[in-house]
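There are structures below to look over.
Below, chain A partners chain B and then partners chain C, in two separate complexes.
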Partner chain A sequence: MLNDSYTILKKEFGSYFRTPTAYIIIGVYLVISMFSTFYSAYFFMNNNSGLGSFFSYQPEILVILIPALTMKLWADERRSGTLEFILTQPISYNAIILGKFGAAVLFGILLLALTGPFVIYVSFLTELDWQNIVSGYLATILTIMVLTSIGCLISSFNSNAVLAYLFSVFVGWLLISLNYDFMLAPLFPLSENVTYLLSQSLNFYANYLDMTQGEPGLDNLTYFLSLTILILWINRVTIEYKKQ
Partner chain B sequence: MTQHKKSLPLIIFICLILVIFLSLNITVRLLGSSLKADMTANQRYSLSPASQKILSSLTSPVQIKLYLSNSWAQENPAYANYAQFVTRYLRKYQQIAGADKIKIEIIDPKPFSAAEEDAKKAGLKALPDLSGQSNLYFGAVISNALGKSAVIPNFIAARSGYLETDISRILAKLNTGSHKNVGLVSPQLPLITHAYGQAIPNWAIVAQIQNDYNIIELSDRIAQIPTNIDVLLVINPGQLSPLFAYALDQYVLRGGKLIVLSDIFSDKKAADKGKLSATSANMNPLFQSWGFSIPQDKVVGDRTLGEMVTITTPNGPQSKNFPYWLQLTSAQINQNHPITQGLSRISLKSAGMIVPQKDNPQIKITPLLTTTPHANSVDKALFQKQNQSEQENKFAEGNEQYILAAEIDGKFSSAFSKNILDGTPSAQKLPPYLPYSIAQGKIIIVSDSDFIVAENWADTGATLNNPVYGLAPVYDNGAFLLRLLDYLTGKEEVLGLHNTEPLNIKTVGENIYTHTFNKYADAYSQAQAELNQRQLLAQNYAKATQQAFTPLTAQQIKELETNKQRISDLQQEINKIAYQIKEENTQELSRITDYNIIYIPVLTVLVILLIYLIIKKRAQKRIGGIANELHSN
Partner chain C sequence: MIVAKNISKNFETRKALDNLNFCLNKGDIVSLLGPNGAGKTTLLRILTGYLSPSSGSVEIYGHNPQQERVAVLSKIGYVPENAPLYPEMSVYDFLAFAGRLRHLKGQDLQKSLQETIINLQLQNVLTQRIETLSKGFKHRVAIAAALLHRPKILILDEPTEGLDPNQKFEMHKFIRQYGQQSIIIISTHILEEVEAISNRVLLLHKGKLIRDTSPQELKLSGNDFDIASAFRAMTGEDNVE
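Presenting the complex of A and B:
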């Protein structure tokens, strides 16, 4: 299965660079990231030993850019009619899903890696807390994984890539911005503790901030990984279901 | 219908995995903080074992009301970061103690709201916002179910290294019963003022002690230390009356706990009342019965530990190492003693030396603070006559290591042969005379009293009228004195609390500014020093002319004119340098922004494109090679 996944990953990852999409996404990502770091997150007015200004707007930026990577993954197969062909090949569904997902995640990691020169540059301007930075990057990679899985799932529902992009942005935005506390409010009189736990468990930003501020835990890893696995699982079930 | 039937298993499946997802996340979160890693330099989110012990011993639920004005974050991003840090830190306490033991409520006290009224009533101190129209709050009220409460009127970022100590001390205070009594004898230094029947602390250190203890002021003319005193703190007695000496002697023999700050030369008093009045009482007759002495004619100096100070020399103000103002580091602070363990910076000024007596097996003397082995001592009489420049100049490095503070533990003999009031009617009022200790005595002696002056150990610039939580300590002097009290009153739960390195709150912008400023620092400070000198000269001329009522000579007028012209030139020069620094700094900020937003992204895209083209070309070449090979075959 891993070999099949790797083959698909290589093919999908390479396909990004065959069109100008990859270069546009890289350019846009770097410019928006730096713009938000220096202007929206007041880079010069913060201590930034843990690159707080850089990490503070990453989820918002990735919500816009990751769907651009995932929108075509399934939608194009569907539109061009190759989906049925792929699904009839002697390759497991998991291998296909993981291959496509992995390619988009790898591209996301490449985006992050390209901010390396910025980190090196900042290390000459202020003393950096490298452990905190590693934790921040890990949080961003996990965010990429969650957003990619959402993008993959929505792309598998649609044959129109633009629609898939818009839906993915919308769902991703809901995930990172929505405060679920109002939905949990009726539970509050029943148990304060359980409500607090639920609120913390479901809050994307609480988990993201834990990590970017240098305090990652098993709870944060479980949140991001279980969400990714859950969505990928639904992705697999829907594909199987559609085929039937 | 068939469609619905077909979708039903899918919906059930999705619901089921959603339930699994929620249960998994809640379970992991329930496992709590033990599965959290602290990935920060200096482990800034980790609570010390002492704090964890305090949390585990909480007997009553605690509520923390954090008043935090949201608009503060918009006004000052750096402060918003500290607010985030404090919030996270409080959550850490909650995680460890459990949500049922510590409840945290974060309140935004909007202008003119009920929450703002509550904050004011609780004692929080507001700061005006940039417009000056409304108040900003960032403080906390910590209370428990038994009705006890404590207030941190303001969290200040410069005190971040003491955040854990502050919160844990409050929790320990709420958890324990009544405060212990500290008897305070300070006849020379006005630590407390009395007004309207209230004792108002003059010195920050008194406010700090008062925060955890009841202070009972005592006269230095009493013949008996009251029995309700848990620890007696004697600061720099001027003249030791025989009555008070007897009181101290008998207090110690009965097992009383005593701290003596005995200064050989009080810089504080010298600054207030002149050098000749800067000495303390000779307590050696008492000290000798406790197994040590403090030579009254020696002041300790140590060039290795000397503070860099600006000294006025004949060649103008110069930065020099002043060997009598000592900056002790961990190496000179006993790290194996519970009082001093973890303390890393203590400053003393013109301290004396503690000399243990050799032949007293019943007394144990444990040094707490020492000099390096390269210290020397100078004659006090000479020291008092010299100015600072001479004191610095004449000091010669030695090869002695002196004890500056020590714990004295053991059973002592009395320095008196009988009840001091024997033969008077008052003799019966005193407890029976003791010739020897009836209980193990504990005395702590520090050969300096200047170390408690707030200006010598803290940045008092931004206290916000809050001498406890508004002080930003630079040295551990305050913590040292508090620990002496904690140790002697048996408050072991707070002894293990260590302050940490303060958070690096310097912004990137400030770093860049410092870097730019440093390029011009020499020129700037030279011009500034000359300006100060010339302004002083002008002032002296003006004063002399006013007092003498004599007309100036032509030479003097010329000199004055030249001086005036030079002052004007220097002011222009300083303004020019300041303008240059500002311009260069702005350019540097723009350059950094442009590099990161424009040049580096463009360059990165081009490099990636180039790499892709190279890979593609190689692949094409390889394919071409294979095609050619096939063709030739």
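Presenting the complex of A and C:
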């Protein structure tokens, strides 16, 4: 299955570079990331040994950019009729879904890799907390995985890539901004502690901040990975259901 | 060998296929005939496992397309209607991609690519992007992709639509040759090519298999002793239930 996924991944990753899309996304990402880090966050006025001002804006930036990578993955297959081609190849649906997902995640990791020179530059200005930085990059990769799975799922619903983009941005934004307190409080009226703990464990930002502050835990990893796997599984169900 | 037993397919309230039974063997070149909406494409999609039947079963060389999708599809080369391709890819990249999807690697992939490219006469367009090709070439690329793994079953949905007479002639020649060693199923509206290429006809009307016969016998059923008149007699308005 991994070989088949790799074949799909290579094709999808290559297709980003057959149009100007990839270069535009890279340019926009780097400009927005650097702007938010150096300007909005008053970079030089804060202690940035863990690159906190860089990582703190990554979810918002990726919510806008990752859907641009995922919007066509399934929508274009449906629009152009190639969905029937790809789904009648002797490879499993899981391999196809993983290949497409992997291509977008790999592109996301490429975006992050391009911020390497920025980290090197900052290391000349200040003493860096490398544990924080590695943990921050890991949190950002996990964020990319969650947002990519959302984008893939929404792209599989319809044949309109623009709609898929807009809806993916909306759902991604909901995920990172939603506070679950108001939903959970009525369920556990007598225990504020239970409400708080559940709310924190479901909250995207709480998990993300734990990691970018250099305190990654198994609970954070479980949160991001289980969310990704759940959404990819729904994606598989959608593909099977929608072709009927 | 393809065995279809009591296949029916419903789309909500509409019955697209109604209790189809047939058996196809090596050497059968089958024309799937029927008016628009008769269920031809639905049947092809069920054979490839793309759709599942509402009831009944299909066996392809002993495998069920729903439960053993990968095993079945490794025996099938399928060109869907309108021959969908990835327009931004070059012909060579697309064929290599299709070959890898059929688990061809290294020398086997190269050999298969070379043979198929020569057979389908694609040498001059290998580096061209698919979106720049004529309709005829796009069809040939799609058929080339379906043939890379030398499938035992070739399923073509409207393979000659949009081809010029020379291209049609070449396509007919190719189908006759390839059909000697395999099962070929062709969905078509072009009645003249039924006799030119096939040795068996499955005639669908309103989802039912109303005739399983040879082109020669089908001709005898028409008033003018040709396939067109037989087709009209069996599927025309007079026969609408």
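Things worth noting here:
Throughout what follows, the second predicted complex is superposed on the first by the 238 of 244 C-alpha atoms of A that agree within 3 Å, B and C clash if a C-alpha of one lies under 4 Å from a C-alpha of the other, contacts with A are read in each partner's own complex, and residues count from 1 in each chain.
The working rule: contacts are C-beta pairs under 8 Å (C-beta built on N, C-alpha and C of every residue); 3 or more make two chains touch, one makes a residue touch a chain.
Being a predicted model, the structure only gives us computed values, none of them experimental.
In the three-chain model built by superposing on chain A, chain B fits alongside chain C with no clash. Of the two partner chains, chain B is the only one that A:Gly52 touches; chain C does not reach it. Once the two complexes are laid over each other on the shared chain, residue contacts for A:Leu2 go to neither chain B nor chain C. Of the two partners chain B and chain C, it is B that touches the larger number of chain A residues.
In the superposition on chain A, A:Val237 makes contact with chain B only, while chain C stays out of contact range. In the superposed pair of complexes, A:Val162 makes contact with neither chain B nor chain C. Applying the stated contact rule after C-alpha superposition, one finds that A:Phe118 touches chain B and leaves chain C untouched.
Applying the stated contact rule after C-alpha superposition, one finds that A:Leu174 touches neither chain B nor chain C.
In the superposition on chain A, A:Gly214 makes contact with chain B only, not with chain C. Across the superposed structures, the minimum distance from chain B to chain C, using CA atoms, reads 7 Å. Residue overlap on chain A between its contacts with chain B in one complex and with chain C in the other: absent.
Against chain A, in their complex, chain C makes its touches with residues 45, 48-52, 69-74, 76, 78, 80-82, 84-89, 93, 97-98, 100-103.
Residue ranges of chain B in contact with chain A, taken from their complex: 10, 13-14, 17-18, 21-22, 24-26, 28-31, 33, 35-41, 44-45, 77-78, 81, 84-85, 88, 99-100, 503-509, 511-512, 589, 592-593, 595-598, 600-602, 604-605, 608-609, 612. For chain A in complex with chain B, the residues that touch the partner chain are 17, 22-23, 26-27, 30-31, 34-35, 37-38, 41-50, 52, 114, 117-118, 121-122, 125-127, 129-132, 134-135, 192-194, 196-198, 200-202, 210, 213-219, 222-223, 226-227, 230, 233-234, 237-238, 241. By the touch criterion stated above, chain A contacts chain C in their complex at residues 3-4, 7, 11, 14-15, 18-19, 80-82, 84-85, 87-92, 243-244.
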